[in-house]
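In the part that follows, the structures are each spelled out as structure tokens.
Here come two complexes built around subunit A, the first alongside subunit B, the second alongside subunit C.
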Partner chain A sequence: MNIIVCYKLVPDPEDVVAKPDGSISLDQAEWIISDYDLMAIEAAVQLVEANGGKVMALSVGPSQLANSKAKKDVLSRGPDELYLVVDDGLRDADTSLTARTLAAAVAKLGEFDLILTGEGSADLYFQQVGMQLGELLGLPTFNAISKVEWSGGKLAVERSLEDEVEALEVPAPAVLAVTTDINQPRLPSMKEILKAGKKPVVEWTLGDLAVQDGLAQRVEVLSVRSPKQVNRKQIRIEGKPEEAAQALIGHLSKEGVL
Partner chain B sequence: MAKEMWVFAEKPALQAELLACAKTLGDAAAAVVLGNQAAVDQAFAQGADKVFWLGEKPDHLLLDDYVPTLAALLKEQKPAGMLVGATRRGKAIAGRLGAALGVTVLADVKKFIAEGDSLQVSHMVFGGAAVRLEKAVTDIMLATVSFGIVEALPPDPSRKGEVVKVAFVEPKWKAVLRERKPRPPSSVNLAAAKKVVCPGRGIAKKEDLEMIFELARLLEAEVGATRPLTEGLDWLPRERYIGVSGAFVKPDLYLGVGVSGQAQHTVGITESRVIVAINKDGEAPLFSQSDYGIVGDLYQIVPALINALKARK
Partner chain C sequence: MDFRLTEEQELLMSSLKELLEREAPESYIAELDEKHEFPWKPWKALADNGFLGLGIDEKYGGTPADVLTQCLVADVLGKYAFPVGVIYGLGVITIRDIEQFASDEQKARVLGGIIKGEPPVALGISEPQAGSDAAGLKTSAVLEGDEEWVINGQKIYCTLSNVAKYILLMTRDSKAENPYKGMSMFLLPTDTKGVRINPLPKVGWWSVPTCEVFLDDVRLPKSALVGTVNNGWMQLMANFEIERLILSASCVGAAEAAYEDAATYANQRVQFGQPIGNFQMIQEKLVDMAIKIENMRNYYYKIAWMMDNKMPVRHEHAMAKLYITQASFEVIDDAMQILGGMGYMMAHRIQRLWRDVRVMRIGGGTDQIMYNIAGPQLLKKFKK
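This part shows the complex of A and B:
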């Protein structure tokens, strides 16, 4: 089976710096594979290991995507081929432009049985792109997928919802967003890291694709600021454990929260 | 023309909150209801001025199968927008509708801000490290909204309104439902908890959670968790996870035990009334966001707290 797995390269959320004026700086941030997408990549690799075929990794985004370390990183996790749409016009792409660009790239990739995405992205976590992509392609589309099996040209999946798990038979090709507990992504082995540099990489720009509705964005971003901090009392309680425990209970009792 | 704001939520309690929210955003609030006559009445009682009634859902259909029906209805009626309950199914439906209609989807909105004629929304990005303010640019705005941003109105069973029956549009594809496995009913309700005890990575091994649960029992608190404890370590179910992709809590008391206080977690606790931190690392970021902090070994402090609370009973 041929699987396309979509991933996003994001500024590491732990490197986001809040400046004193409340603005946010990403200048120091390392760009990494969004951690939710690691499960999608692992799920794709496991399915191909079990059923044969190939995994095509696909990502769209700004110039950081073309960084050779970033390319090697994704390929060392098992995909056979890498397809990128690298264009600074995608730097602040909203979910709609991202999904439309992915759809245009998918159209160039040839036959496939399944597209996998992560649950959401580590930077924005809107959980939208996979669902929009599936609808744009007119394919069966589901999120919250915690198990995928391939049998007889169909997908047997489990979907973990709030109150129940749906066992579904989904016609292929389909677009599925996987949960974070679908698997435990393996760490790339030395062998895989060495192999990664020799795998085929295809790079396009937006000019190479026919993106539906062009570059129109559907969301206008007005500001990105660090959240207002609530001023807390910041009372430090000192002393031996027993004294500290008593003092804390005293404070909490006065606050009326015991 | 009157501006209608619609709501669509699979959970009645969420529908009630969304209707209260929609009433502040439009001249009229309409609910898109999938269910029986009682569900229609309930939507009116919750504040709907109008109901678009999809009828009762046959067992073999999934909620997702109604996307073409909803798309056709939105296209025909052109409301100002639709608030979609941010359950997992709701998120899938909102995304697919956004793509089908070519309209804005604002995800997980935490706040709506009316600014003249336009509507702005805010939500968290970068794992809670930043708040992003956005606005929709298309005629119809779709937004996914979770529990807790607006309080439901008191139900008024005497309210009635116009019911518009909506015909089902056959989808182009369908998945076959093989089985529904109910998940064990979650006894965890963090969003409603008045007190929350939250263990973090300072807990050395799974067995040690027993003392956290004992502390929670004595405080009559719910037990939350940071993400590593629910994913990766798998010590606790994901329902207990508090943070950017998990629960947002607003208890009177939040007690973080061995919680360092990364933004991805603290974004979910900022609305707590009193925050307490216990951590052996005095530099842990949670201290600066706490009302009370004890710098010390949780393996000594927690047993001391348990003893002191027992003595108080």
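This part shows the complex of A and C:
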């Protein structure tokens, strides 16, 4: 079975710097694969290991995507081929532009049985791209998928909802967004890392694709601000529980919290 | 000069850090230490993810790697799971000796097992009367009827021998006049009749057992010999340099862990109404510690680079081992000072790093022996 797995590069949360004026700096950030997509990649690799075929990794985004270490990183996790749409027009793309670009890229990839995505992205977490992509392609589309099996040209999936697990049979091809507990992604070994550099990579720009409605965005971001940082007050409350609780209430009301 | 690691090395280190966060978090390493347990689970995880095959020939299922990459692995292990770093480092010398000198059958059996997660092969050199003077060892191997080796003697400080499947054992032919031309190397299965192994309680390395080994009429087939009769010393020396360097790299990681603990604590601990980090005497310590870490790491980078470029490192590696094992202990000792009483409590990892790293100045050749290796070499350069 041929699987397309979509992933996003996001700034490493550990490298995100909140400046004193509340603005966010990503200048020092290394771009890494969004956590949630690692499960989608692993699910794709496991399905192909069990049923044969190939995994095509696909991502669309700004120039960071073309970084050679980032390419090796995703390929060291098991996909056989990598397809990228690298274009600075995709910097700060909203979910609609991202999904439309992915759909245009999928159209160039040929036959496939399944598209997998993560549950959301580690930076924005809108949880919409997979759903919009399925809609644009006119395919059966589900989120919250915690299990996928392939049998006789159909997909047997489980969908984890709040109080129940749905078992569904889905015709292929389909678009599925997987949950974080679907698997524990394997870690790349030296062998896989060395192999990654030799796998095929295809890079397109927006000019190579027919993206529906061009670069139109549906969401306008006005500003991104971090919450104000306050120094610790270093207040220590001691004494009997009742007295300590009273003292705590006193401090909290003085701060205007209560 | 390019100090950047390759993309492959960077990816491998991120993979290793993630693995250790999953399989060997600090709480688990502390628990194993307290229980004096070998880190079976992290060790298996390293094997499952291909780390134990690094540097081993692909023929046996390994992945070739240069000395620097192996040092980087030890450095990361040293930082997050020092005992695992020690075990990794100890394994390197026996792996290399076996790769270089053992028979194909021995290699397939032993290296294949290590790649799958068996503990490293233990190394049996030291004896009660033969420590720094390793050539003073007396354990004997006598060929009986051209069929079997009969081994008698006693080893001490034989690390991992009670968990390992094999000991790479050094013996001495008492008839050979020159001890360096009278030693032989054997692959001894630890479950052989006549082998008795007894763990020795010690200050640190509680997850890394060190034992005395008694050998009473131990019979080994002729094929248990590794390499050539009486060539054991040359075989042993062939890989001491890389072992010392890799173990040193793990000390750098340990020192960095202690330094980070100390810097974090200095920001948080308030005395005299302010964080102790505001006091210049604490800042001085932190800066000195950071300089040492930088120096130590650059030192092993350079020696690894020399080795990877096939340059001789006879006195260079000894000087690096001497400096790094001393400086890393100094950094950890200073970290303990910055943490005050908390640093001496069993609840904090600083005490464990302090106990674990101290012995690196003794094992693998003492400080004094490193001076003995380097000193004459330096003088020789200036002899007219």
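General remarks:
As a working rule, the second predicted complex is superposed on the first by the 228 of 258 C-alpha atoms of A that agree within 3 Å, B and C clash if a C-alpha of one lies under 4 Å from a C-alpha of the other, contacts with A are read in each partner's own complex, and residues count from 1 in each chain.
Everything below uses one rule, namely that contacts are C-beta pairs under 8 Å (C-beta built on N, C-alpha and C of every residue); 3 or more make two chains touch, one makes a residue touch a chain.
Keep in mind that what you see is a predicted model, and the values were worked out from it rather than measured.
Applying the stated contact rule after C-alpha superposition, one finds that A:Gln234 touches each of subunit B and subunit C.
By the document's definition of touching, of the two partners only subunit C reaches A:Ser76; subunit B does not.
Of the two partner chains placed by the overlay, neither subunit B nor subunit C lies in contact with A:Ser59. Shared-chain residue A:Ser68: touches subunit C; no touch with subunit B.
In the superposed model, A:Ile193 makes contact with subunit C only, not with subunit B.
In the superposed pair of complexes, A:Thr117 makes contact with neither subunit B nor subunit C.
More residues of subunit A lie in touch with B than with the remaining chain of the pair subunit B and subunit C. Look at A:Ser146: by the touch rule set out above, it reaches neither subunit B nor subunit C. Contacts of subunit A with subunit B, set against its contacts with subunit C after fitting on chain A, overlap at residues 234. Considering their complex, residues 62, 64, 67, 87-89, 91-92, 94-100, 102-108, 120, 124-138, 172-173, 175-183, 185, 195, 219, 231, 238, 244-245, 252-253, 262-264, 267, 270, 273-276, 287-297, 300-301, 303-305, 307-309, 312 of subunit B touch subunit A.
Contact residues on subunit A toward subunit B in their complex (touch as defined above): 11, 13-14, 16, 18, 24, 95-96, 99, 119-120, 122-136, 138-144, 156, 159-171, 180-181, 213, 217-230, 232-238, 241-242, 244-246, 248-249, 251-252, 255-258.
For subunit C in complex with subunit A, the residues that touch the partner chain are 7-8, 10-12, 15-16, 18-19, 49-51, 53-54, 63, 65, 69, 270. Those residues of subunit A whose C-beta lies close enough to touch subunit C in the complex are 68-69, 72-73, 76, 186-194, 197, 234.
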